[in-house]
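Here is the structure we will look at.
Order as written gives the chain letters A, B, C, D, E and F; numbering starts at 1 within each chain.
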Amino acid sequence: MGKKIVTIGEVMMRLSTVEKERFVQADAMKVVYGGSEANVCISLAQLGLEAYHVTAFPAHDLGQAASNYLRQMGVKTDFVLEGEGRLGLYFLEDGAMQRAPRIIYDRFDNAFSKLDPARLDWEKILDGADWFHWSGITPALSQNAADMTLEALKVAKSKGIMVSGDINYRRNLWQYGKGPLDIMPELVRYSHVLVAGLTDFENCLDIQSDDFEDACRQAKKDFPQIKYITKTNRDSISASHNKLKGFLWNGTETLKSKRYDMPNIIDRIGGGDAFMAGLIYGLLHFDDQKAIEFATAASVLKHSIPGDANLVHLDEVLEVMKGKDIGKLKR
Amino acid sequence: MGKKIVTIGEVMMRLSTVEKERFVQADAMKVVYGGSEANVCISLAQLGLEAYHVTAFPAHDLGQAASNYLRQMGVKTDFVLEGEGRLGLYFLEDGAMQRAPRIIYDRFDNAFSKLDPARLDWEKILDGADWFHWSGITPALSQNAADMTLEALKVAKSKGIMVSGDINYRRNLWQYGKGPLDIMPELVRYSHVLVAGLTDFENCLDIQSDDFEDACRQAKKDFPQIKYITKTNRDSISASHNKLKGFLWNGTETLKSKRYDMPNIIDRIGGGDAFMAGLIYGLLHFDDQKAIEFATAASVLKHSIPGDANLVHLDEVLEVMKGKDIGKLKR
Amino acid sequence: MGKKIVTIGEVMMRLSTVEKERFVQADAMKVVYGGSEANVCISLAQLGLEAYHVTAFPAHDLGQAASNYLRQMGVKTDFVLEGEGRLGLYFLEDGAMQRAPRIIYDRFDNAFSKLDPARLDWEKILDGADWFHWSGITPALSQNAADMTLEALKVAKSKGIMVSGDINYRRNLWQYGKGPLDIMPELVRYSHVLVAGLTDFENCLDIQSDDFEDACRQAKKDFPQIKYITKTNRDSISASHNKLKGFLWNGTETLKSKRYDMPNIIDRIGGGDAFMAGLIYGLLHFDDQKAIEFATAASVLKHSIPGDANLVHLDEVLEVMKGKDIGKLKR
Amino acid sequence: MGKKIVTIGEVMMRLSTVEKERFVQADAMKVVYGGSEANVCISLAQLGLEAYHVTAFPAHDLGQAASNYLRQMGVKTDFVLEGEGRLGLYFLEDGAMQRAPRIIYDRFDNAFSKLDPARLDWEKILDGADWFHWSGITPALSQNAADMTLEALKVAKSKGIMVSGDINYRRNLWQYGKGPLDIMPELVRYSHVLVAGLTDFENCLDIQSDDFEDACRQAKKDFPQIKYITKTNRDSISASHNKLKGFLWNGTETLKSKRYDMPNIIDRIGGGDAFMAGLIYGLLHFDDQKAIEFATAASVLKHSIPGDANLVHLDEVLEVMKGKDIGKLKR
Amino acid sequence: MGKKIVTIGEVMMRLSTVEKERFVQADAMKVVYGGSEANVCISLAQLGLEAYHVTAFPAHDLGQAASNYLRQMGVKTDFVLEGEGRLGLYFLEDGAMQRAPRIIYDRFDNAFSKLDPARLDWEKILDGADWFHWSGITPALSQNAADMTLEALKVAKSKGIMVSGDINYRRNLWQYGKGPLDIMPELVRYSHVLVAGLTDFENCLDIQSDDFEDACRQAKKDFPQIKYITKTNRDSISASHNKLKGFLWNGTETLKSKRYDMPNIIDRIGGGDAFMAGLIYGLLHFDDQKAIEFATAASVLKHSIPGDANLVHLDEVLEVMKGKDIGKLKR
Amino acid sequence: MGKKIVTIGEVMMRLSTVEKERFVQADAMKVVYGGSEANVCISLAQLGLEAYHVTAFPAHDLGQAASNYLRQMGVKTDFVLEGEGRLGLYFLEDGAMQRAPRIIYDRFDNAFSKLDPARLDWEKILDGADWFHWSGITPALSQNAADMTLEALKVAKSKGIMVSGDINYRRNLWQYGKGPLDIMPELVRYSHVLVAGLTDFENCLDIQSDDFEDACRQAKKDFPQIKYITKTNRDSISASHNKLKGFLWNGTETLKSKRYDMPNIIDRIGGGDAFMAGLIYGLLHFDDQKAIEFATAASVLKHSIPGDANLVHLDEVLEVMKGKDIGKLKR
């Protein structure tokens, strides 16, 4: 077992149309489970880390199925609780060509967002952990969820654990009376690695800039504990064809990955989470330049895998980074 | 086109496991749409009536898909509205043998239950109608839904339209502060045909009896406009094997149908709705005895059809009633 | 390789609904190929005979697929021709419980029925054959098909080949200007084994009787070359539950098989053809009583197999005949 | 409800192989319903028009299923009749890469082509209509179908309804004794918008030219009521990769759309019908240049959707026309 | 977490035909993982025990998938190792009606059977365990597997752990030079609960008797540590219809369960393992009579669930034991 | 029937994941049968040759299914034997984008490799044959398989039959004590057409060169009977996008085919076998340049077809060679 990583967040049932059908054509849907932070966790479990996800599900068989899914994919579910509330859902209509994918979220009142923060013993959860990861989706769900995150961050700090936060601004969440500027700055104050684009800087940290590196420098001024800020640039030629490049600002300079061409996308959901997981793995094991290359290559591979999670091996990511005989069958 | 029937009620997306899998085994689900009153409506459309269903869906593609489903099956959707709120869902784990089916409802905050009653012009909706059908599920959803039902019933009365109500007591609903005894008696006061078992009598009408006919007589005393009370008796030998018999109290006596053996059940959901539809059709076209036979035979056929709705032709029900060469292939 | 059998007849693409769906629910159909006589031929190929089927398909890829299907299942396709005309189709809606299966035939103008009889060299086709089998469907399709059958029968007679005919009266065929009484008696005159029920006797041979044995005796008087007349009695408790019993009149007496209970039918199509194949095999290898038992047991097994054809091994039929530990898993 | 459009034409059951299988590999087929004019009608229904399709189906459950499909997709089926004859079919083998798709038509004797023209009351059908659309496939099916079309056109003229005709020359049709030159010129005489390529001009209107604009001018001379002639140019790099550009001659000049690259085609069937629908919508709502851009963008989207019909929303077409962040997921 | 149970044994990939197809019809197979002892372990995990399975898989992705499956279903995989050798397979052709299911085993050289016994630290594995379960399949696989079992049993004895052994004689195994009589008696010497039928007694323990209770008494004489001997009687009316009854000899008398009728079997594989798991649970929590009733009811439920494993909840088994309203849907 | 071709080799069951799933996601697998030489044979059967494949399967239903598959696809199975041993398997995880496909072979102890060479009467098998094809996989399986190949080659030589050998070096085979240099040179001595890349030359013939043409000349020196040496160059841009070009050294010069772009690969397995089959067909019917073009175009088409085998018609290959309107639908 490798290093210990802990993540927190809602896990939803994903119901997706099949064979490129539209919602109005669907008479069956594929079922899988995912959520931004759990996707990161699953990905790190595949790469060999000891990965714990903290969440809650309703006490029925589909909640159990969601929990089982995490377990199947190698995630430690010791801190997966049962609680009141729904199983969050999202419906995915797969896109293709010039037709964009569509998502219908149906996640309000999910069991995780209603979880009593007192039920989580962070001293125990984070005991021996090397890394803690959270995202901006969690504090956007409910006051409880925001409180949990903050408490986890405080304990992480007391234990000297490395913390990453994906400042993932979602306009349609934040419905419980608070806005991102009420909550996010304090959470960011405990975080060493941020994923943030220009919109996230503005909406979550009130940092306005039209240049990534400049925004990073501003953020560093406000939050001096920050070590890395990262993001990807995605060009969308079509729903089937994107290009992807990763950026990592390390306080000094902005390192860049290769730019990958992805003309036959299978499933783009979770691409950002795969990047995040790759970056965590990279920063734990490689130098900065290799870390951003690893993260981007991992994200590219995710686009080839159905479902939310990046089910790839370490050697497969390294192989893509080599850039030779890509995708070749070995017998 | 035959007589005009109007029904009202929530329509849910039904997500069911396939090939007898349990929820924890499911990685795909079958999608269909249904709800007690809509099932009645679809069934009557198959039998040739001009059948309108009144409901509301959220303004997204899955709401559209639900509406399209009604339309596909021959229901008139002129009074299907778009509104705020969710698309109600239910998850079905198909049972088999000694293993009971399981349902997980996820329907709170559905668009129908949040519909502003003022958006429904019952004078127009019921114009020329021969029959109006409602069920105890609707007033159990929300005050709005209860109000809509009452208003519809008043207009129906003013127009002399025949009314049936399926007094379907569901313990897990009724979460908006009212109980069945607050609401149901007034609704029943406008209804001529009731579906009610002993539990329904007790919970909805405060009529306690351990005898169906006695309970019927008590009901008639309280609600003298009642013409028929009906129910089925279902023996559950296993999830795959039930026996079914229909009863119709017509104010004078309790007529009984044949008792049907159903040892190879395909899908029992909607069996009661198929019975209700069969009874409406029967009372509109046949004498009382034939009506109850027709209703029961229709319900039996439903058990052979996947999905909520009883997609059968008139001649198929009549064929089953004959009781000879049942299920025989004709070339 | 066992004895050589030759059959003739149309082979259709069968498109059937899945998972007990009705036609109006189907958005996919299962594809297989079958036809009464080809079903007999495939069944005999499974039992180890050298089985040739004579037919024609259109010269397109679906015609090829039909031909390939015969080949896959062990039928010799040396006399499968390409010709003008359609690939006959039939649509099957699987029945269940009290709901009868439905078939929509779409077979007119099929390539077999339009085949020029001159293209078939019966001297060559029947060379070395031990048995020739035809059915009443073929002469009902077209004059060409009736002519081919007659020619085949004449050559069979000249070679002393045993001939069986399934007098299968189908009211919806016979659309080319002739009726069964114009054609069938002459064909029967060359046949030694007949499958015929009372309706077939009446419609095809103008023999009226309400008793099978009596009808057999009348037939023998008119057609003295007849050695055996056979039929099954099928009780249809429901589409899922039939009972089956076989009868074989051998000129002297009517031998009867066990009566089999079939309460979980998978696919009843081709049950009669499986019986016919079993009888041919039985008469070629066993005594009369064992032959009728074998035929009926074979037919029973067919009901457990999806598709038209009875894909069973010899030992499986014999096992069923033993009547002990039926259906038991052997490891 | 938007403007009223009426279309006429055969609707076939489409049976297509799945997962890129060839016909000889198929043991299941996907079922959907389509036909050139119905595809136009469905597409316009999605865009919000009140769309009626005129056709006929056999009086069996699959005919009903076809009719239900139209209804499901929002088409008004008030003028869908039942009649003698078959349900037309076509089998589709999906192509991929350098392997072309294959179609096997099996549509002769379909119920629509045998419909007695007297059963259609065009005064009623076209009452209040804004547009009538026909294609060259209909008059190629049968004399009856040609007669219906002509009658419809005459009534349309009397009512001042805009008419479009897709001069779609299909060599394999026209089997009832007439050729396109016998029939098409008269029909074109009533039409204001034509879809026509150089081959269509030659075969249907006897106009020979190797230049589209020149052919248009010739046509205008012969048929002075014509307002627009339109076509698309499709480059086939492979079955998976086409390029598409639209052209609209408006009597003065030939307007051109952007040229779209389509390197990941999902289903190209119905691409032309989607273009036609887009053009009708465009000409009803936009200026000429925007109309041709809209038509082409709509057709491009069709290539991403399985089935014959272009199930897209207005805003999706407009989004593609913008040409930025194409195919991007919005959350 | 409940009591700790440890099991050992090979886990195979199961490849089964779908929709009742025969092997010769299959162009797809369902994948699941199972093995007699792992099935017991999974079942006990569902019932709430802390269940560890000891086995080995090859170090490839399908070995990982098998391990993940155990994990998904709640089994602790701390002692699942990677090793040289194959992933054992078995192919299952589902039976139906009078047609027996067929199994083709392809398990030789599986990684478990080649595992070096020295890699298993039984002191650690059995630390704190309440029960150890083995079956006669394991020592039949290889000398290594027999050695592992013996070593486990010795440690279990030293720790005073309760031991059950399923004396499951499989004629086709035992290919490594030893026979059951060479190995089994010593293993039985450490076991307190045996599953054994008359054939097993004879082949594995050289005890000949035609009476179960008599055989039990003989066994007790030879192996005085035995506390319980158990078996089921299964009547096979057909592959779809069995009857099942459980027997438990407790040293004094033979307790019997109700006899269950199972006329609609979904999947009978693992029925014996479900019984074993039920008995272990029963003996740990109930009195002897309730234990045998629980075991049999659990086994009955297994027949309703696709796959090898009995995925049922405690309350579902108790519900079946009540024998009222079996299989009834609760809303 | 065209010319007679004979091939020899193992045929495996291929179990592949669906919908781009990874092995760890698979709960169903697609089943098809293939092997390098059988793939060549099937392909030649589609092109109209009389194609015989020599192999052996275990005497169970899946062995029968494999044999039936060959028969279905037009291969003559007169010399397909039953024998002891397993049915070889391989598991395929389909790749996509930058993610390479994965294969897990599970073929040791297959029935073909254990076949007693004495059971094959090569005089009879090769009677009248025009071409014999073998590959380097066969002698790598077992001594028996190597012996069979050699014997076949000797008889082929005595009959003056053209011989091709695909020198397909597979490092993971050759486990029976011999290496390629012990066996391959002698087999090559009887062969006129070789498929060989630089690695194959080195490993199988001890010819070291970094230039194809130079290696060919060296081979010709050692094996003067060689007439042609051929290979393809495959650029792997990704698993979904390859480029392919064919080379044919004819003793004088190296002829080259067009280079094909394949950006939407459906299934690349069997691409080399399709090339080989194309070359055999080409050399039998065309001049050298057209032969190599034909072979490469055939291989390109294979990439569009699921399964191992190249199920294409002659006219489809010729169409691709034309290079115009590639992939265009013809109606």
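Assume a contact is a pair of C-beta atoms (placed from the backbone, for glycine too) under 8 Å apart; a residue touches a chain by one contact, two chains touch by 3 or more.
Chains and their UniProt names: A, B, C, D, E, F = 2-dehydro-3-deoxygluconate kinase.
These numbers were taken from a predicted model, which means no experiment stands behind them.
Undergrad: Going by average Cα coordinates, which chain is farthest removed from chain F?
TA: Max centre-to-centre separation from chain F belongs to B.
Undergrad: Examine where the copies chain B and chain C touch and state whether the two sides share over half of their residue numbers (same) or under half (different).
TA: Different residues, largely: of all residue numbers at this interface, under half are found in both copies.
Undergrad: On a CA-centroid basis, which chain has its centre farthest from chain E's?
TA: D
Undergrad: How big is the rotation relating chain E to chain F when the fit is done on Cα atoms? Please round to the nearest 5 degrees.
TA: Rotating chain E by 180 degrees superposes it on chain F.
Undergrad: Pick out whichever of the two, C-E or C-D, is joined by more C-beta pairs in contact.
TA: The greater number of contacts lies at C-E.
Undergrad: Express in whole angstrom the distance between the two chain centres, defined as the mean CA positions of chain D and chain F.
TA: Taking the mean C-alpha position of each chain, the two centres sit 45 Å apart.
Undergrad: How many Å are there between the centre of chain D and the centre of chain E, using C-alpha atoms for each centre?
TA: 62
Undergrad: Take the average of all CA coordinates in chain B, do the same for chain D, and state the distance between these two points in whole angstrom.
TA: Spacing between the chain centres: roughly 41 Å.
Undergrad: Out of chain C, which residues touch more than one other chain, so two or more?
TA: Touching at least two other chains: 18, 22, 24, 27, 68, 73, 102, 263-264.
Undergrad: Which residues, counting only chain D, touch chain B once they are in their complex?
TA: Those in contact with chain B are residues 68-69, 71-74.
Undergrad: Which residues of chain C touch chain D in the complex?
TA: Residues 15, 18, 22-24, 26-32, 60-62, 64-65, 68, 86-87, 89, 91, 93, 102, 104, 106, 108-109.
Undergrad: In their complex, what parts of chain C are in touch with chain B?
TA: Within the complex, chain C touches chain B at residues 19-22, 24-25, 95-103, 105, 170, 172, 236-241, 263-264, 268-269.
Undergrad: Provide the residue numbers of chain A that touch chain F in the complex, in ascending order.
TA: Residues 18, 73, 260, 262-266, 297, 300-301, 303-307, 311-312, 316, 319-320, 325-331 of chain A touch chain F in their complex.
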